[in-house]
Amino acid sequence: MELFLSNIASPPLLFFFLGLAAALLRSDLDVPASVAKFLSLYLLFAIGFKGGVALRETDIGWGVAASLLAALTLAFIVPLIAFAWLRRKMSLADAAALAATYGSVSAVTFVTCTSYLDAAGIPWSGHLVAALAIMESPAIMVGIMLYRRFAPQASGTDSRAYSGAAVAREAFLNGSVFLIIGSLIIGWVTGSAGMDQVGVLVKDLFTGVLCLFLLDMGLVAAQRLRDLRKLALVAFGLIFPLLMAFLSAVLAISIGLSEGDALLLTILGASASYIAVPAAMRLAVPDANPGLYLPMALAVTFPMNLIVGIPLYHLFIRTVMY
Amino acid sequence: MKPCKRIEIVIEQRQASALLEALDQLGVPGYTAIPSARGSGDRGLRSGDELTGVMTNSVIVIACPEADVAAILELVGPAIRRSGGICLVSDATWLTH
Amino acid sequence: MKPCKRIEIVIEQRQASALLEALDQLGVPGYTAIPSARGSGDRGLRSGDELTGVMTNSVIVIACPEADVAAILELVGPAIRRSGGICLVSDATWLTH
Amino acid sequence: MELFLSNIASPPLLFFFLGLAAALLRSDLDVPASVAKFLSLYLLFAIGFKGGVALRETDIGWGVAASLLAALTLAFIVPLIAFAWLRRKMSLADAAALAATYGSVSAVTFVTCTSYLDAAGIPWSGHLVAALAIMESPAIMVGIMLYRRFAPQASGTDSRAYSGAAVAREAFLNGSVFLIIGSLIIGWVTGSAGMDQVGVLVKDLFTGVLCLFLLDMGLVAAQRLRDLRKLALVAFGLIFPLLMAFLSAVLAISIGLSEGDALLLTILGASASYIAVPAAMRLAVPDANPGLYLPMALAVTFPMNLIVGIPLYHLFIRTVMY
Amino acid sequence: MKPCKRIEIVIEQRQASALLEALDQLGVPGYTAIPSARGSGDRGLRSGDELTGVMTNSVIVIACPEADVAAILELVGPAIRRSGGICLVSDATWLTH
Amino acid sequence: MELFLSNIASPPLLFFFLGLAAALLRSDLDVPASVAKFLSLYLLFAIGFKGGVALRETDIGWGVAASLLAALTLAFIVPLIAFAWLRRKMSLADAAALAATYGSVSAVTFVTCTSYLDAAGIPWSGHLVAALAIMESPAIMVGIMLYRRFAPQASGTDSRAYSGAAVAREAFLNGSVFLIIGSLIIGWVTGSAGMDQVGVLVKDLFTGVLCLFLLDMGLVAAQRLRDLRKLALVAFGLIFPLLMAFLSAVLAISIGLSEGDALLLTILGASASYIAVPAAMRLAVPDANPGLYLPMALAVTFPMNLIVGIPLYHLFIRTVMY
């Protein structure tokens, strides 16, 4: 209970609520799109850099290898489970796109979780940022491959269809994937000397900027929610992440991750992508309806993870571990 | 002044670059593209406030001789069938310089 | 290709959402809206550099069958009489898909 | 004299002059509109949060109640005085819009005044931010109500007219009002623990960001000045705030506010809104001319308060108090 | 509704202000200007992503009576000859208010 | 060698490479144009302010006068050399525009060089920022004057031609020139008291923001490179700056500048403008092709100076001095 309260009373989450409230009450508060884009670039840059610097100070041993392997496993299994679940209930394209969406991860949810851990004084490791980076792309590829594998006669893919190279590009050269991996490497290369140069921007401003970004995410999430009127989809967006969180937490604990790291891997398994994957799906699976996968990830699963998920998963992990 | 056709295309922003490249290869005399338009149509609302450009349109205007129109429409048609949008053609006169 | 009408509306940005909602309720086939346009007219300069959107215009384009035009103009007329703007109607042909 | 010099030689004010100079000399210096919007959101967020945290550490007693009551009184009286003054001199709509404009407050003027006090080492209280928040909306409602009350047969308000609920929404759900009140509450809820998380953004960057924002305000103010060619209006924009400052200062001193708090209440009484009110007036009183009330608030009263007003009101308060 | 001409100009952004001022002095009834358009033409690609506005276009729309067209074109012609762009004229009807 | 490695392994340069890589691999990573503009305004504001505060603490003697005189000399000589070199090889307009481009300076290159010196712990003086400000405008005037002087019968300059006053305005009231000079003066006026108020923004965030800006410059530079297919021009963009660096370094050493200051003057001589000058040339020499001078300055000379130039010039200066 205490966990829930301390989570809800944190500035980032309160600003998320403020954004939700503004949109629901139809206030004209809004954050310019170009600024919101920039804040998201900043968050990827900062978390990547911090992770890289931290990674440098870790010795890469069994612990690191196990986390990354676990992350990779989740990145392939989760979209397959999602697809199996949804295949019969909707069009092939929509099922494939939702599989990719839920198989991939949300960097903003991850970042909010690190700020939750920092506020609680619980340590976490830089290689979890590497896990985040690793998990963004595979689900995109799985989603596209499922779509192609099951398409009757390659329906919807006409002569100007999407090539294999283009699929890989969408998966790995997607802007947000690229920035976080790049920043991770740069943080790793420059180490603490680099951190001395950019630490104020990357560390001291982090939670404050996250507040402003979550204010905007609250605004956008509430607007998106209006577009989504199908109850069954809302239910999927609430229940599926809980199951995946359970799966991920069990995996994390069984490979011996620490409390903080286990929570981060869990949130990776439970979160759904609303930036990288939608961008990729519009090109690779154009006949899937973005009016489904976008609001489900952004307006259902994202708030659920932020508000209920993080403390709930934390409680679960604590209970099992101690 | 010479008579010409004015083609106006609304297409999803993420598809616009590919279409413009294809138009370039086709050899259109030129084009102008306005980014970040909102819109609504058969595929629902595109609110234009997205982080990703997924829910945003571009508006493309092409001035060209009547003879080029058919070839351009052949490129545009499949693109907007795939991911939505509209294409309007009208008459105009073009200030030659 | 089928013939249609192209309606182009310039209206103050802060009034645009209300107009678009009204158009939606009327059942227009679709619209495209370009934000952040500068302009000048009877009510002076709108320099488009405002923090508030008060001095900024939106440009709205609607493609529709001729039969819908009258109903749309009935909505647009009062809106631009109240707070300024223009509304142009012209002929076009629409690439059907 | 010293007060004037130290005010004028402060970085924020010098950057305001730089912006004015750039626009008057027709330099092509400009700050993108979306960035300016974001800087203004930042300032509201920061001042609200700081005020909320400070408020938490105050015990809410007579002093706080008296300030808020005084603020509320000003918020209702000032627009009525302005309306009485202007009613005969212009159209009903313009008079009502100007009443709302001058009855409401300018958060940026307030914020510049807090930075002036900080630089001078004079303490001020968090509940003055609450006073700022309280004063934004009432004048909007007063302006709209005056407009309706005096309109012959509801001229200009056709069938699609503006409903009472819409009036309240404009007054209270206006983006800037909402953000400052929300940030105030969040600051109050999270207290100094919250401040530890976001302090670098909210406090250390404050004056620097204010410099950049005032640079832009200088650019915009000088451009707006060109639109305003009526001398009588310029005179009103200079004299009326002085009178309201006098009224507010007397009120502030008589209820026993400290030097810093009295100056802040005075600047609230003297400042005119150029963000929240214009946005509301365009919808609620569309036949008022934004080419009047916007440049008067932004290009006449705002610079006057910044350059002459703050030190002048300060001098007056000092003279009376000591 | 009254018949009018719709003039659409694409011009480099940095030249747009000067042209708009000249149009104002000429006494056009009004104009609307959309900033930040990309484009391609005889002078190559203008990718619209520049820090300076050098590689960006503005789109200007003017609705005016037929009688004004010649004078406007006389202003626009030299401007787009100097630094590139296009100017299209078409027929429209204008909702009077 | 060590110099090269420490330069290349610095965060700002690595983010520049990341941007280059993203564009070359055709990732969809991009920084919104309005944000990039703002980052560039921030860098000019910060370097100007820092320079002004530092200048205040210097006593203005022979050293300062000599540097500024050397800077002014370079600002007039370099464009003349460039013009003499290029005149026969291309149109008059293009030669004049390139002369202005290479005669003027790149503030971002300068700023990256100060961050290189700071990381290496080598001191540099505030008046070099004044040298930067002084060198931006003259080359613009020289370029325009050469263009007019050699134009057969004022070709290309029709009745609406560019007046002398307009030339001066382009040269001196250009937004970036104006901002850096203004910030320099404000820094000088407010001194260390001003720095106390804005130091976190101006100093602590500097390198971090530079990283984000260079990420965008990498993206833009790689895109521009595609437009430039003439090998001779690429060669000029690589060789000419090297020669001018040699000239500037010799001049800097001969007037007795310190190691850091000499490197900064050298980079001023070697760098080419891609913001202020292109903006001016489009108005003053409209028949010059921006597809030449813009990519040469931005996609050839800028990366060359950043990657190879700074450590190379440093090595040269060190070798000669010690």
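A, B, C, D, E and F label the chains in the order they appear, each numbered from 1.
Note that a contact is a pair of C-beta atoms (placed from the backbone, for glycine too) under 8 Å apart; a residue touches a chain by one contact, two chains touch by 3 or more.
This one's a predicted model, so the numbers in the text were calculated from it and none came from an experiment.
Graph distance from chain C to chain F, where chains that touch are one step apart, equals 2. The chain with its Cα centroid farthest from the Cα centroid of chain A is E. Two copies of one sequence, chain B and chain E, touch each other mainly through non-matching residues, since under half of the numbers at the interface are common to both. Farthest chain from chain B (centres taken as the mean of C-alpha atoms): D. Averaged Cα coordinates give chain D a centre that lies 38 Å from the centre of chain E. Rounded to a whole number, the gap between the C-alpha centres of chain C and chain E is 19 angstrom. Residues of chain C in contact with at least two other chains: 34, 36, 48, 90-91.
Those residues of chain D in touch with two or more other chains are numbered 30, 32-35, 37, 200, 205, 279. Annotation, chain-chain contacts: A-B, A-D, A-F, B-C, B-E, C-D, C-E, D-F, E-F (touch as defined at the top). Taken in their complex, chain B has these residues touching chain C: 8, 10, 34, 36-42, 48, 57, 59, 73, 76-77, 80-81, 86-91. Every residue of chain D that touches chain C in the complex is listed here, in rising order: 30, 33, 36-37, 40, 156, 158-160, 220, 223, 227, 274-275, 278-279, 282-283, 286-287, 289-291, 294.
The residues of chain F lying in touch with chain D in their complex are 32-35, 37-38, 41-42, 45, 49, 169, 173-176, 178-179, 182-183, 186, 189-190, 194, 197-202, 205, 279. Those residues of chain F that touch chain A in the shared complex are 9-11, 14-15, 18, 21-22, 25-35, 115, 119, 200, 204-205, 207-209, 211-212, 215. Interface of chain C with chain D (complex): residues 12, 14-15, 36, 43-45, 47-55, 78-79, 82-83.
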